[in-house]
Amino acid sequence: MTKLATGIDGLDEISNGGLPRGRSTLIAGTAGSGKTVLALQFLYSGVKYFDQPGVLVTFEETPADMMANVASFGWSLEQMVEDEKIAIVDAAPDPSESVVEAGGHDLAGLMARIEGAVRRVNADRVILDAVGALFPQFSDSLLVRRELQRILSGLRELGVTTIINLERVDDEGAVGRFGIEEFVADNVLLMRNRLDMEKRRRTIEILKFRGATHQKGEYPFTIDDRDGVTVLPLSATSLQQSSSETR
Amino acid sequence: MTKLATGIDGLDEISNGGLPRGRSTLIAGTAGSGKTVLALQFLYSGVKYFDQPGVLVTFEETPADMMANVASFGWSLEQMVEDEKIAIVDAAPDPSESVVEAGGHDLAGLMARIEGAVRRVNADRVILDAVGALFPQFSDSLLVRRELQRILSGLRELGVTTIINLERVDDEGAVGRFGIEEFVADNVLLMRNRLDMEKRRRTIEILKFRGATHQKGEYPFTIDDRDGVTVLPLSATSLQQSSSETR
Amino acid sequence: MTKLATGIDGLDEISNGGLPRGRSTLIAGTAGSGKTVLALQFLYSGVKYFDQPGVLVTFEETPADMMANVASFGWSLEQMVEDEKIAIVDAAPDPSESVVEAGGHDLAGLMARIEGAVRRVNADRVILDAVGALFPQFSDSLLVRRELQRILSGLRELGVTTIINLERVDDEGAVGRFGIEEFVADNVLLMRNRLDMEKRRRTIEILKFRGATHQKGEYPFTIDDRDGVTVLPLSATSLQQSSSETR
Amino acid sequence: MTKLATGIDGLDEISNGGLPRGRSTLIAGTAGSGKTVLALQFLYSGVKYFDQPGVLVTFEETPADMMANVASFGWSLEQMVEDEKIAIVDAAPDPSESVVEAGGHDLAGLMARIEGAVRRVNADRVILDAVGALFPQFSDSLLVRRELQRILSGLRELGVTTIINLERVDDEGAVGRFGIEEFVADNVLLMRNRLDMEKRRRTIEILKFRGATHQKGEYPFTIDDRDGVTVLPLSATSLQQSSSETR
Amino acid sequence: MTKLATGIDGLDEISNGGLPRGRSTLIAGTAGSGKTVLALQFLYSGVKYFDQPGVLVTFEETPADMMANVASFGWSLEQMVEDEKIAIVDAAPDPSESVVEAGGHDLAGLMARIEGAVRRVNADRVILDAVGALFPQFSDSLLVRRELQRILSGLRELGVTTIINLERVDDEGAVGRFGIEEFVADNVLLMRNRLDMEKRRRTIEILKFRGATHQKGEYPFTIDDRDGVTVLPLSATSLQQSSSETR
Amino acid sequence: MTKLATGIDGLDEISNGGLPRGRSTLIAGTAGSGKTVLALQFLYSGVKYFDQPGVLVTFEETPADMMANVASFGWSLEQMVEDEKIAIVDAAPDPSESVVEAGGHDLAGLMARIEGAVRRVNADRVILDAVGALFPQFSDSLLVRRELQRILSGLRELGVTTIINLERVDDEGAVGRFGIEEFVADNVLLMRNRLDMEKRRRTIEILKFRGATHQKGEYPFTIDDRDGVTVLPLSATSLQQSSSETR
């Protein structure tokens, strides 16, 4: 199992070299936990530092908004789109369309569009942000399982390394709404925005990498307005120990 | 991402300059947590201190009641309505109407009325108070997602900065009833009325600002009968520390 | 926002002068928490000390039983009924009727009867005890919202100050069964019968008064066999402090 | 509100004189908490010490079994049945009958049979053990409310003092399965079989007596093989204090 | 109420003499808690030490497997079957049958087969292991109540002393899946396999014996490979005290 | 009951000799808890150290992926497949097939394929990884019970020793989604990935072995990149004690 270096500070350390190459990694987190920033940083770093083109697939936010939101980090994503280093697939439902068949997303069409985009820019990296809106609430979990399975095997065939963002309502418990998402994916990463004593603390954890080593447990990270996500490759305990030692 | 100063003491500090301009901010809180006071204060301050006209959209309380409720703060909203600085859209269901299609709110009509009001007073600020009554309880979350998405993109096109109040039954857990509201919105603010040892304590937190910095964690605030909402831009911990230092 | 003094010891203090005049206050509490005693005391005190006639609307217990239950306090409610200071609306379902349309309460008819009673005695005060039986369990919360809204706006038009008692299964969590009752009402008061270490302790709290000041947090109260409800306008903490000081 | 002395040691003390006369008291408790022993003791003591005949209504256990179960206490219930001091209404469903209409209990027929039995022995006391089997699981709570209401008002008309036993799955939370039972009844008594550190401890509590005084909180009680239920009219705290004083 | 000595060490002590004779005792416990070993030990001891023949009714495991599983204890159940001291009723559903009417168990047929077996060996003891598979998950609890009631009264008529094993998913909370099993049974025994600090600890508790005395609370027990179940008739507290005294 | 040595370090010790021979053991664990690694190690060790051929049945991951994932351990599974020491049954649903009958898995066909594979390589060991996808979410638990029962008895007839992996959403509570899986299986093993203070800790526990002895409670284990699963046959407490003694 080879890894693809993300170029995100600290993340390549705790993942022992990056994300499993050629596979998908599910990133689950609550609202505002940093999923989108991390995924865009993965795309940006790919083009910038590794000359690996990428594809951005959006389901709800517009691509323009997403790119504007990370402009303050100095990530020139629009330029990269122009330079045909990044291709965009806007899979948001047409707002004028009525929602006759709730969740009746056309998966085959979606996969075809992603494949086209990957071909166009010769992409190595793909991000899907965020797939929560793909499945209606009262769906049979077996059906969701199959759909997700199809998306994953479709992406696998394209040979790209993918990040799939998934919304999560709580920092604890099942990873996804259906209690099956974490089993279907080969790799799962959790981003948490822990609330403790009315203070917030961000952590990132590699829950599983099938067939590969990684560091275990949660690692603190920050999102500041210059560098985006920075992971501290020291566990909380190490931090406490070292800080208590330095006293 | 530019910010629009709210003019509310302390809030502009913890938000690093105000609410994201041209976007919507969802404010979720339990009954009596202060959502309506804060939203009206946002509208009032806009007219009073920044010469920014506003639109008040109501779904349940009558506009007259809402304005009467904050009269004691000396906020002359009725006068502002008269001066055409504030326009009103009363979207409460006609009480005489039967509720044939529960939740069958006419969204397109609503958006048109809001647009008309925005045009009329040339509004910069809009508040919707409160959208809980828009969605029936047993709705498919995917449907609610789409509807909320439509409201948000409609408001985005108007170029206004919006506050959308949302009822929340508990201070913890999912932000909204459907577990998806916090993902659809770009910006989420939480108002809490914490019960601890039979005493109440009000706090406000910026849960997320897509594409912008903000202070993290909960900040105490008060509602007194002269100034409405006042946020203390010191975290609880800082307060405790400083108070323990002054002893 | 003016207040209407209730005449109940301590309650007028923690409410900074009484209940919001001309509006409804929802009182939620578990079985035996004291809702009915408090509401009847509000009615009795109105006639006795302020010469304000009242209307008693019942949904389950018979008016005779309710008045008998507080006879031991020396509250001569039957006499007041005779003197046409108190009018009664018995809205309990006819026991012989079959429950064809569960919850298919005739709201318009109910409002008409209340209005008639208010007119008859020229009432200032109205109590509804208790509205839990009005809504069937599996109802859509949106429907309940509209119905409750109608009751409240009907009462508002009558110009009376109203107490609406609502059953609550637990001292914590959502105020009502549907998770929306506390948002529809302008004013919410909570009566608790806390169980701690196998002992009971009664507390009362003003959760919200729209547009008005009030004391915050829970205050202890007692129901004894002479005076009914007596609220101690000192918070638990003050009590503990003062008691620890007097040691 | 007068009381009817039960003749059960300690219970008459914590209830300030017995159960509210002419009314029903709901007794809720988990399996084995002592509901049936207490109810039969109420019936037995009535005949034995107060010359008050009684009616035993059963819904599941056979009357013979129930009387056999308390024979070891020396309560000669069979003799009392023979002496026409106690009448029996066996309301258990005919086991050979198919359950076509689940829960379609014939309430009117039941009330008629109870009335007949009350007349026959000129009963002052009635016990119903236990009503859990009367209502199917997925019933609308409003329907259950009405049915329970009818039973209660039917018993009220008979002028008897009634105990109604109700099964409860947990010692905490809502009193009954439907979350409405405790509101419909005038009087509620809770029997608990608390599990603490793998030891059991029995307590009894008067949750509410409408229109009457009573001691508050939980009181320990025992069931031994000579006297049945014996309530210790000292609260746990008093016990602890006195025991710590006697050290 | 007479008791039937089980012959299981310690159990006869905490039950003050054994299981209520001629009645059924429900034994509920999680997977692996020891229900089957205890029930077979009850059967084996009956034949071995009291010359009381028995009937083994199985619903899922094959009788052969069950007997093989306890062979290591030296319990020669197969021999006893041969000697016509134990009769077997294999009530497992025919695996080739399709599950047309889920849960549509033929209760009358089952009772007839049990009766035949009891007659054949002149049984005093019967065990049913385990009844969880008898009732479909989404059944009306009232229906389950009636079915269980029928099984119990059928067994009662046979004059045998019965153990009925019931699966339980959690060591706390309601005894059975439907929240009614513990009320229908006359006698309930709980076997727990407590997990504390990653260690397991087995306890047994008599939750209720209608009409009979018993020791209260949980008692530790072991399953070793020579004697099967051995109950320590000392409560955990006594054990701790005595052990701390012997220090 | 004889045991089949697994060849996995430490596991044979805590299981007192290995897995019950000729039976199935259910292994339940959350995503990434190590179920697949352990099962493949069981297969690999069988061929390598005991000359026991095996069958790998997959339901979701492709066999190629699974074998690639453990290649880094030096387990030459592909070679073993070539040498006809391991046979493969790929039971993943055909991705092109539509999911008409959700969960309508063809069990008979599956069993026939497994039997064929067992015959082909003359297998002693079989693993099924993982059966969660076999049952739709809203299925009747009774139906799932029967299906699982059929799989288990089919495997029993083949005379093989089987591991069945089962997904579990939480480390606590019911073992499987339907609350019945742990009762149907003869043997249950739990793999946990405990999160404590933001650190992860892996433990393995034998919850039950019908008819056989085993060590109780949780034992720590590791997955490193050379040896796969290694169980530490010392309980956490022993470890702590010994480590504190060695200080």
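Which chain is which? They are A, B, C, D, E and F, in the order written, and residues in each are numbered from 1.
Going forward, contacts are C-beta pairs under 8 Å (C-beta built on N, C-alpha and C of every residue); 3 or more make two chains touch, one makes a residue touch a chain.
Only a predicted model underlies this, so the values are computations on that prediction, with no experimental measurement involved.
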Length of the shortest touching-chain route, chain D through to chain F: 2
Steps in the shortest chain-to-chain touch route ending at chain E and beginning at chain B: 3
Interface sides of chain A and chain F: same vs different residues, half threshold: different
Fitted rotation between chain B and its twin chain C in degrees, CA, nearest 5: 60
Chain located farthest away, centre of chain A as origin (C-alpha): D
Chain A-chain E separation of Cα centroids, rounded to whole Å: 52
Rounded Å distance between chain E and chain F, as computed from the means of their C-alpha atoms: 30
Separation of mean Cα positions, chain B and chain A [Å, integer]: 30
Sites on chain A at which at least two other chains make contact: none
Cyclic chain order when read starting with chain E and heading to chain F: E, F, A, B, C, D
In the complex, chain F residues that touch chain A: 30-32, 36, 60-61, 65, 68-72, 93, 95, 99, 102-103, 130, 132-133, 135-138, 167, 169-170, 177, 195, 197-200, 224-225
Contact footprint of chain F on chain A as seen in their complex: 1, 140-143, 145-146, 149-150, 153, 173-175, 178-180, 182-186, 188, 203, 205, 207-213, 216-218, 235-237
